[in-house]
């Protein structure tokens, strides 16, 4: 199993990244976390997007949240986008949801790092069936 | 490879489903299309959500677009939600994006059946590497 | 008189449920309160929706507020939906108001548990005229 | 059984009223339709709101859709509000949903006269059980 | 000179009414303040709207802010509406701005009691020219 | 009686100005219509705003609808603002409603030239009581 | 004088690009037009953003309009962003306006290619004063 | 090099102006800060807009944020508009972005004084190449 790569657009997005991390740890899925702004450091984002040791990207960003889309523009691996709340909220939600035809991003809810991680694990579970079992147990506990 | 199950909330969502279908055909991925409303026919939706022969769900719905979330409530397989445009648009977008923590849905853009299909194929490509090659070719052609 | 069934999508919705409860107690209408998430525990929601001892459902939910609609999908009894406030607000309002044709939900205002309870009592008053009298007295006191 | 009173704020709301009428006819529920603007003719609206021969009001209005609320201010019988679409849409939706605590209105979706009628019949079915049977049949046919 | 009648939909709107009052006192314009909810006490609102000793109404209301429109429905004197802020804000703004053709309300900004008072004084200044002078002085001081 | 000065921000606002004109003609109130953009021709707007022969301004504008506010910045006479519909609508509505404290504008609804004219006549009717009678007749006919 | 580089995210943005072109031709400013999607062809966008023969970029894009921001991430030359209208409109507007601190984009109005071009010429006029004269003439003609 | 003129619509906008100032100081660009409300003091705004010693204007305003547009109406020099946050936010954003064709304003993000200053410096850097070098260094440090 390769890594899930968690990328934040800014250090201030850490509380959302920590929700991602909590789930990935609980499911014992390998991951790595980086801060890399799509706008301030595009070469770093491109380098991350092209890493061979990654299965899925989780990109966390607020405002005009270009990060998930920019990663998606450099890879054909699944990219999950997490909009971060701020003064407007519709900005980050719509920037992540309304991707142009041809370059998909999987948007989850505002600040919803937990769902980003669970969605990534659901994707991995197609290949690693033991994760499907863990997901079913997790659902049971949530009830 | 199992099926991608495409579910529409209403027959009127067919133009969006056809965008999904065009991509799935082009990538030669097995799929099936059904009409099943989360609100009008919950047993049918539940039955579809529990089918063993499915890898990924693509759920297409407008208005208070509950379909992707209802499918997600019955399965731990990945569910992609496509909001359908109407008189308000923020209704279907927010209904699909703003899922509660614990039950993820991967939202794509309004009427963006193409991205739903491509996202599904990106997920499958983790397990079936030949699809990754096709995705890269597809990207090349799009440029 | 059967019960009014008050269902919250999450324990965090309790402050809104308490507004419902205060009115139902004041009018001495029998009720029961449950926590049952449409997305996390659909069988529980379905079981609640099919209970014979219920006259009216009041469903309280935030974010992509599917709970009222999911209950409505399993019953032909009246379902009142109360959107709960959060970071976006239009998400829960529109998810509850914009139900598809055929499956009605009666939406009240954001966090407005009081109106949900009063609306339920107005419905019951068609059958139990003493409640109409109490409602008129309540209105008088409010002036 | 008393009447369901359908009130439109303007003659231009007739297409929505016709959706209400189609359902009420199908269920053989007595009704009456009137045009009465809350803003242009408050005495007529007040007189309608106080009619003894009415069980439930369905009020249809666009823009700053005060009609359902004004009827509700004159009666303790259930009032269902149907927002009518226009250039803004959030105006009529929010005007009808966001009623102040104490005076409930049951909001349904934009232009959704069908759901207004079905909701009214669900309310009546508490008292007239034969309607519950018809509602269940109607649901069956919809699937 | 008759009175400016300031009406609040709820006691909680008092901070906005106090902004109105501060200006009316500064300009020495006679006024009166009342609490009267359009939805909870329509007869009181109607009685206020029909008072002979009033020149202009200032109606302050939040949520589905029907108060200015209901007053306007009972009088042909100018009615100024002040939307009050809350969890949604677009609800009170749009409810007051989007009046139907035929029944005007003069909307001012959210919580902007000061502008409501100044607008009322501008109207009176057509008849009482000394107020125009005071308004010009006030503008000078503001610079 | 002085004039009501009707100012459009652009020739394309003429359909809204014609609704104003129809009412002013019906009430036999003197008026004049000009096209003057707040942004493209500020000296003309300033000159209009300072005209002595005007009682009330009606300013019609779309997009970032600065015209009513710019006129109000140059006069202490009442200014009525009419937002014009376009691709966004909330732009012109909010630009006209959300004036800063100290410089009032009386906002009416989107494209609602009729209400702008009626509001102006209501203001004039404080000084010219015969207009109050005409307004009451007009209301009667509307019912 | 270097070029103004006009970049469209999609061929369907051509009507907006033509508004840009008409102004640039009228002012005899050198320019070039390219189609290059930020999401579908990031290397092309990066190459364009790094061209030495360009003074100012005008980037035209709809939906999640990342193009202006992506160009800005690769250059310290001024980037003007033009949101293109679609089914939502707030998506492209907010995606372009709400750039993160550090990477500016100059947003103009929806579909407002004319203002993008004029803004670019205003920037050039600081260095090439003859353009300032032409801009003043253009303003005169517009009045 | 002439000045960058920073204009606030209200003293309360100072926190945003300070973000502008911090950048301009860091880049050693001459500037001046003034408070001048477009609505309360149009002659002062006009006088500022016509100053000869200014290269670029940065106008900061909330609510119906007319200031950038009013300055732009009096000059053909570049005007950068910074919307200030408040209770609605879409009001100041849309008032600044949605300028009519012919009079451009360069909108930056909500409260984003930093980007306004950087954008101004990018414009100056066309004429003063040493600023381009500083901008590139600044970008490097941000990574």
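Residue numbering begins at 1 within each chain, and the chains themselves are lettered A, B, C, D, E, F, G and H in the order written.
FYI, contacts are C-beta pairs under 8 Å (C-beta built on N, C-alpha and C of every residue); 3 or more make two chains touch, one makes a residue touch a chain.
Because the structure is predicted, anything quoted here is derived from the model rather than measured.
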item: Any chain in contact with chain C as well as chain D; value: B, E
item: Contact-richer chain pair (by C-beta pairs counted) among D-F and A-B; value: A-B
item: Homomeric contact chain F-chain H: same or different residue positions, threshold half; value: same
item: Gap in Å, rounded to a whole number, between the CA centres of chain C and chain A; value: 35
item: Whole-Å separation of chain centres (CA-atom averages), chain D against chain G; value: 50
item: Distance from the mean Cα position of chain E to that of chain B, given in whole angstrom; value: 51
item: Chain centre separation (chain B, chain C; CA means) in Å; value: 31
item: Touching two or more other chains - residue numbers and ranges from chain E; value: 40, 63-64, 88, 90, 93-94, 97-100, 102-103, 109-110, 139, 142
item: Inter-chain touch pairs (all); value: A-B, A-C, A-G, A-H, B-C, B-D, B-G, C-D, C-E, D-E, D-F, E-F, E-H, F-G, F-H, G-H
item: Contacting residues of chain E [partner chain H, same complex]; value: 85, 89-90, 93, 109-111, 139, 142-143
item: Residue ranges of chain A in contact with chain G within the complex; value: 9-10, 37-40, 42, 46, 62-64, 66, 69-70, 72-74, 88, 90-91, 94-100, 102-103
item: Chain A-facing residues of chain B, complex; value: 55-56, 76-78, 80, 83, 93-94, 97-110, 112, 114-116, 118-119, 122-127, 132, 135-136, 139, 142
item: Complex interface listing, chain G residues touching chain B; value: 40-41, 44, 63-64, 87-88
